[in-house]
Amino acid sequence: MSPVSHNTGNENEITIHTKIDRVGVARIDSPLTFSNFVDDTPYPFFLDNEFLGGLNSKPRKLSFELAGPRKKIYFDPPKTRCAIVTCGGLCPGINDVIRSIVMEAAHGYGVAGVLGIRYGLQGFIPKYKHEVVELTPDSVSQIHQFGGTVLGSSRGPQNPEEVVDALERLNVSCLFMIGGDGTLKAANAVSQEAQRRGMRLSVIGVPKTIDNDINFISRSFGFETAVQKASEAIQCAHTEALGSPCGIGIVKLMGRESGFIAAHATISIKEANFVLIPETRFSLHGKGGLLPALEDRLRKRGHAVIVVAEGAGQHLMQETAGTDASGNPILADISHYLIEEIKSYFSKIEMKVTLKYIDPSYIIRSVPANADDRVYCGLLGQSAVHAAMAGKTEMVVAKLMDRYVHLPLSLVTARRKKLNIASSYWRSVLESTGQQATLSGMLPGDFYSDEKTE
Amino acid sequence: MSPVSHNTGNENEITIHTKIDRVGVARIDSPLTFSNFVDDTPYPFFLDNEFLGGLNSKPRKLSFELAGPRKKIYFDPPKTRCAIVTCGGLCPGINDVIRSIVMEAAHGYGVAGVLGIRYGLQGFIPKYKHEVVELTPDSVSQIHQFGGTVLGSSRGPQNPEEVVDALERLNVSCLFMIGGDGTLKAANAVSQEAQRRGMRLSVIGVPKTIDNDINFISRSFGFETAVQKASEAIQCAHTEALGSPCGIGIVKLMGRESGFIAAHATISIKEANFVLIPETRFSLHGKGGLLPALEDRLRKRGHAVIVVAEGAGQHLMQETAGTDASGNPILADISHYLIEEIKSYFSKIEMKVTLKYIDPSYIIRSVPANADDRVYCGLLGQSAVHAAMAGKTEMVVAKLMDRYVHLPLSLVTARRKKLNIASSYWRSVLESTGQQATLSGMLPGDFYSDEKTE
Amino acid sequence: MSPVSHNTGNENEITIHTKIDRVGVARIDSPLTFSNFVDDTPYPFFLDNEFLGGLNSKPRKLSFELAGPRKKIYFDPPKTRCAIVTCGGLCPGINDVIRSIVMEAAHGYGVAGVLGIRYGLQGFIPKYKHEVVELTPDSVSQIHQFGGTVLGSSRGPQNPEEVVDALERLNVSCLFMIGGDGTLKAANAVSQEAQRRGMRLSVIGVPKTIDNDINFISRSFGFETAVQKASEAIQCAHTEALGSPCGIGIVKLMGRESGFIAAHATISIKEANFVLIPETRFSLHGKGGLLPALEDRLRKRGHAVIVVAEGAGQHLMQETAGTDASGNPILADISHYLIEEIKSYFSKIEMKVTLKYIDPSYIIRSVPANADDRVYCGLLGQSAVHAAMAGKTEMVVAKLMDRYVHLPLSLVTARRKKLNIASSYWRSVLESTGQQATLSGMLPGDFYSDEKTE
Amino acid sequence: MSPVSHNTGNENEITIHTKIDRVGVARIDSPLTFSNFVDDTPYPFFLDNEFLGGLNSKPRKLSFELAGPRKKIYFDPPKTRCAIVTCGGLCPGINDVIRSIVMEAAHGYGVAGVLGIRYGLQGFIPKYKHEVVELTPDSVSQIHQFGGTVLGSSRGPQNPEEVVDALERLNVSCLFMIGGDGTLKAANAVSQEAQRRGMRLSVIGVPKTIDNDINFISRSFGFETAVQKASEAIQCAHTEALGSPCGIGIVKLMGRESGFIAAHATISIKEANFVLIPETRFSLHGKGGLLPALEDRLRKRGHAVIVVAEGAGQHLMQETAGTDASGNPILADISHYLIEEIKSYFSKIEMKVTLKYIDPSYIIRSVPANADDRVYCGLLGQSAVHAAMAGKTEMVVAKLMDRYVHLPLSLVTARRKKLNIASSYWRSVLESTGQQATLSGMLPGDFYSDEKTE
């Protein structure tokens, strides 16, 4: 199933054709009546270091199957039962994806039924005693008006064999898994366990991550809505900072290993003066340090806003121990560390500052999706059903440079996407804030020298 | 200046006429051209225990001057300079009040100028070196689009003599002080110091409190906007609670000594199951305790939302020491206490719960006012200017039962308003949540027995 | 049933005690467990000309029953069936009222059932074949998230005998009618028909009018939300006006016979320069006319915004013929008349203007209620159920000067409430816009002279 | 300056390299301090029929310069004066673009000054007597909080020679023109007139079109915000339709020659049942006609929503005469035509329907941009300044498949972009509505046969 790479001899045009394994040969006529079905011919893209990482910004060619309805499908709709499960943390738009899958499966293909698995992978495991629910066009017709997930969610892995047992019991042919990195790895394990048993199962992932850190996914669903809410919180922090002599507003945003929300919200709202993300290694003290730069800003302008991603500045703090239920390392608390350091710094120089801290995380992730994310979620859901009915598996549906494509699970779980600080995008963030460039660790050169010396 | 009480012999119709001291006799014709000026005849109101406290709900009659333009004014507009100062924490609508004062003083009366004092009472004190700014219709025309205060604010008292020194230096005749309890007390002190010096100074307060806890003020400006944002946070907590097996959402809202925001947001959004406010003394354990009631709710419905005012449950925690810059006692942290108690309780009974905590305080108080609060703030600002120009002083402008009135500073600072749990209003809160009535301490009887036993 | 008036001899303190007829003697113990039930003692209010009309602003005393739960009720809950019907145009908050009635009736009293009548009074009439629906706490739990009415609505009267036939067939004891003037008159007719038949029927009205024109109702539910949306439309008109040389933005707002939304939105958003309402008779041409004032504004400031209530300026246009299904006279189209007159005026003086017209009516009335209206609607619904269960009838529940009261149908349908242009409120509107006072017809004096001469 | 095409012999991989003419050789070191400048190497894209039109969906390769800062620039910043002009109708985000240009030019490059031209091209022409304003970081710092354009706008062409006269008088080296198709053609004419005079002038376009109909621009700025507001209007129409027996809601949206907003809002909000856009030729009567389909929908579901782009259905109506000030043909009024046809149809079959019509156009286009559009506008503004300073001209900055690029004016003005109804995108619109596919004219086959027969 792994992507097949054809090196054309031209370093900058390595072509990677990706083929999604089939459950079986698609021989059934689609019940859809469009004249413009999509075939499996790979669509070529040129991707640069914003996707591929590294200092070199030369784009490389990669080709992927386009999403969309196929003329021939594998599963016979009246005999096909689907299931949907949602895993991990909340994110705007999950209900839109659920709704779209149900509508397309029921209205478009006329499948036998769509099951909703409650509370993530727990819902497959008998000991948790969560009921399986039947999802119908009627029961989901208004769910997009609400944030969160009507199915509930949970964190952490479950035994793939038990999951496949449940799928067999429930007679499910197409499984849609909406979740992040861990969920997509679980999707892979479930698909492989099913193949081992000779079971005809299509497993389609819909990548969900409010951190926007999934490999090859330009922008995960819900991201724009999250940025909108994050920018509102930054505006509030700015208002608070303006409201006191030497006012400092600090906003903590999501972003365990990548600072996309922090960066994007910063460009959006203009009022952030310092943006700290996991991808840069800033220092607090000394030349190019955050604290002197903050002092300078306060002396000149009287107020400042700091946006900090939750995963930023881990290098500054003690090592932590342990991981959470999803297997993610538990992060040290940068925002409180920062607050203490700021208080201590300004106390030493006897400069009175007023500090206001905002953590809007749960407000950001639990609101309903905005119009653009609704469009995106709707198309992801439709694409997922088309892919499943055509018998594809071990893949996700995704938007890549304005095109909906099929990407192999192995590709998107190969690594976490990070904000490339050598990219044009990060330069734009720095341009937007102005003050940024004075901080060490914010420019690619600094970053790599940091890597060496620390 | 104190309110004059006339007991009519009828216990339930005690009539209190209130007369606002004059700076001097108003002899100048108002430049305004309305035919329906307001005179000083007291307007009668009947107020019940929601205002007056106590278990007895019988209304009593009180009369107050109506706000509005007077035919004769005391200060000669072309020779009159005004000043505005904003104190204490942020609240939606402050900029609307500032804008309205400037517009009415400049366009309505044609005063010589309006000064903006920066950063609260600090702005009067030379050592802080805050610049005084000139406020003009042009400079304030768009400020209502922004939250916070364009003048900045600060906490804590300053020497009234130094304040009056500054007012003399700046040649100010009318001072508008926008602030809470402490600020209104300071307004009194400033006015009395000015009178001691024989200075003709009108001091008008505009009561600002996001807690809605000022005596005789039905609803302080910004309260509705705050409730709107608070209800959005509760909705998010509900979405998070639904998203996990045995999900608990906790929202901390403002309310140091009174639970108005918590109560009002609870009626508004319907999703809160438990509301804890400073006016009730609930217990955590045992019959009628919060934790068994929470367990019961989770077993029956699978999710729960708790709204807690910051001042609730102080009786449960250790005594704290010290006060903040405004002289308010520093509260013990009820939300984290509650979180630890909940975790410990469910850990002991081996029931797995997922707890999400939201503290939306700075987001609630720093947004721009909604349309209704804008109307309110605009009318408060106009009323304040009318009162000052007429030579009234040591008073606040306020909305009481849909009428704009003048209230003496001594009355509104006599005590903090609290939510009367013997009122119809609190009964409605209990009706809205349903579960509430099962908690001890939520009903008046419980409350008073608590008082005795603890 | 009519209000009983006791003249005390003091012209300004006429006391009107209002007693709501009972269906029968309330002998059953309420199942509610509050200690602070409400009794029928009238609560006194002082109301001025904003309520009572006229030039004289002296307040008069009126007393009304307070809303709230009674210790003794008339209807035995397990044998009681309720019905809800919604009539007339949409308004924010209808679903909140429905939800609250269902929740209180089911959870609070434990009634036998609540029926939803579809599409207004049509739903009672067999020939329309609309199904009656059962409303349960589950089926209504989320409806407050949506604008409009889940029951549907229709305009126009139906035969009261047929309505009572249906109520007998459906075995309904408590009927809740949510609607405007016509609906409340129908409520009266239905109640009297039931009494004629000796049927024990409680008919409780919940006044609904986006125009805010119901007698004795300070502010009808949904009004604040409507003003918020209206103010957003005015902001858009202002932005459009700023965007063109000599840009004119015109916003038409609801208000057939009273200009409350136009007036309130105008105070709220500050950007309106001219506000035309049905209660004032402005002229277009000549001294004090709108068009020269508009020209003046454009020459001085380059842009202008006009807010016009749909019922304004009817005196300027040809008589219309006919009435709509609700019996309201069909209004002549003031906005298009105004547009043509403006075009013609500026074309004659060869001044190029750009005119943008916004009619946001359906957007204003179909959105969900904001937090404050939700509180209001929730308390109205609860109050309505308390009143019905206590056996009261031919009344509405309403908020009067911050208190929830029972008002007799005969009082609230006696006349339409109008914005009193002799009130302080209208003076504040004029103060807010500034330009207003220059227009003839905007001041009380003008108005009354207009009455005489036209 | 025209694009240079290299046919590689492979029909599906025609490579078009585009080179933007330079004003002169860039020899000055950029004052920017980034290490990752962008060079002029073309970046390759594969574009399909969504961009290129036609039935064939095979992607073709096209290459364009990337936007971003160049290491060497042409204009010496301290000697360089910039000017900004905004033309045509309003669109969310214009102020964000203005702000970003000013910030980048002033803070990034330190140019001598940025001029704001008032009211579109009129601002260059002396006879209109519009003042030129100086734009500074301070004066623009908050303008992004407001919709519209702080510079004002106007429609229609002006003499390019007069425009260049003004630019010479004002000593402008870099002109930024924010506008639609007509403006970009004017930009071309201005640039060529300047070259004729040997003047060193960089003319950079920022494509603005709320219709999203500019060639090669995936999504014009403000589009997402417009879709959000449009979807809110559709939701209101749906609520109104639900509120009456046989309720029909009609929403007219922008889209003179292309139905992008209508299509996108339809996918977004799910409640639209019929979407009529200029690119499809539907019929009203007979099999596959809109009216029988509407009747069918009403009989089955009781309510329906129709979204109609303003340019839809022109083939159904009489020819119109004349063009507006911008040279666009004046469209026949499809919405009122539709309303009359619907009324007449249902009147004939004696079926009572209730019809509510919403035209939200000015509300959609005059709101401030949402967070995502703000990011987009900010990056467009920065990119425009980078391009101008590097001496590029006769080009626009644009986002193409997630990359910011330089496109020649000749390319983007070659034709209007239309929604390709043979694309996957349109199929998704049809899938979203469900009912659509039954209408004739909605599928590519129908469309082309329509072309033949009408």
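Here the chain labels run A, B, C and D in written order, and each chain numbers its own residues starting at 1.
In this section, a contact is a pair of C-beta atoms (placed from the backbone, for glycine too) under 8 Å apart; a residue touches a chain by one contact, two chains touch by 3 or more.
Nothing here was measured: the structure is a model prediction, and the numbers come from that model.
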- Item | Chain whose Cα centroid lies at the greatest distance from that of subunit C | A
- Message: Looking at chain pairs A-D and A-B, which one is connected by more C-beta pairs in contact?
- Response: A-D
- Query: What is the distance, in whole Å, between the centres of subunit A and subunit B, each centre taken as the mean of its C-alpha atoms?
  - Reply: 42
- Item | Intercentroid distance (Cα basis), subunit D paired with subunit A, Å | 29
- Item | Interface hub residues of subunit A, defined as touching at least two other chains | 146
- Spell out the part of subunit A that touches subunit D in their complex, as residue ranges. 33-36, 38, 43-46, 48, 55, 57, 59, 61, 66, 68-69, 99, 103-104, 107-108, 144, 218, 224, 227-228, 230-231, 264-265, 267-270, 370-372, 374-375, 378-379, 382, 401-404, 422-424, 427-428, 430-432, 434, 437, 443-445
- Query: Which bits of subunit B are touching subunit D when the two form their complex?
  - Reply: 142, 145-146
- Query: How about subunit D: which of its residues touch subunit C in the complex?
  - Reply: 90, 119, 122, 128, 130, 146-150, 152-154, 232-233, 235-237, 239-240, 242-245, 247, 356-360, 362-363, 366-367
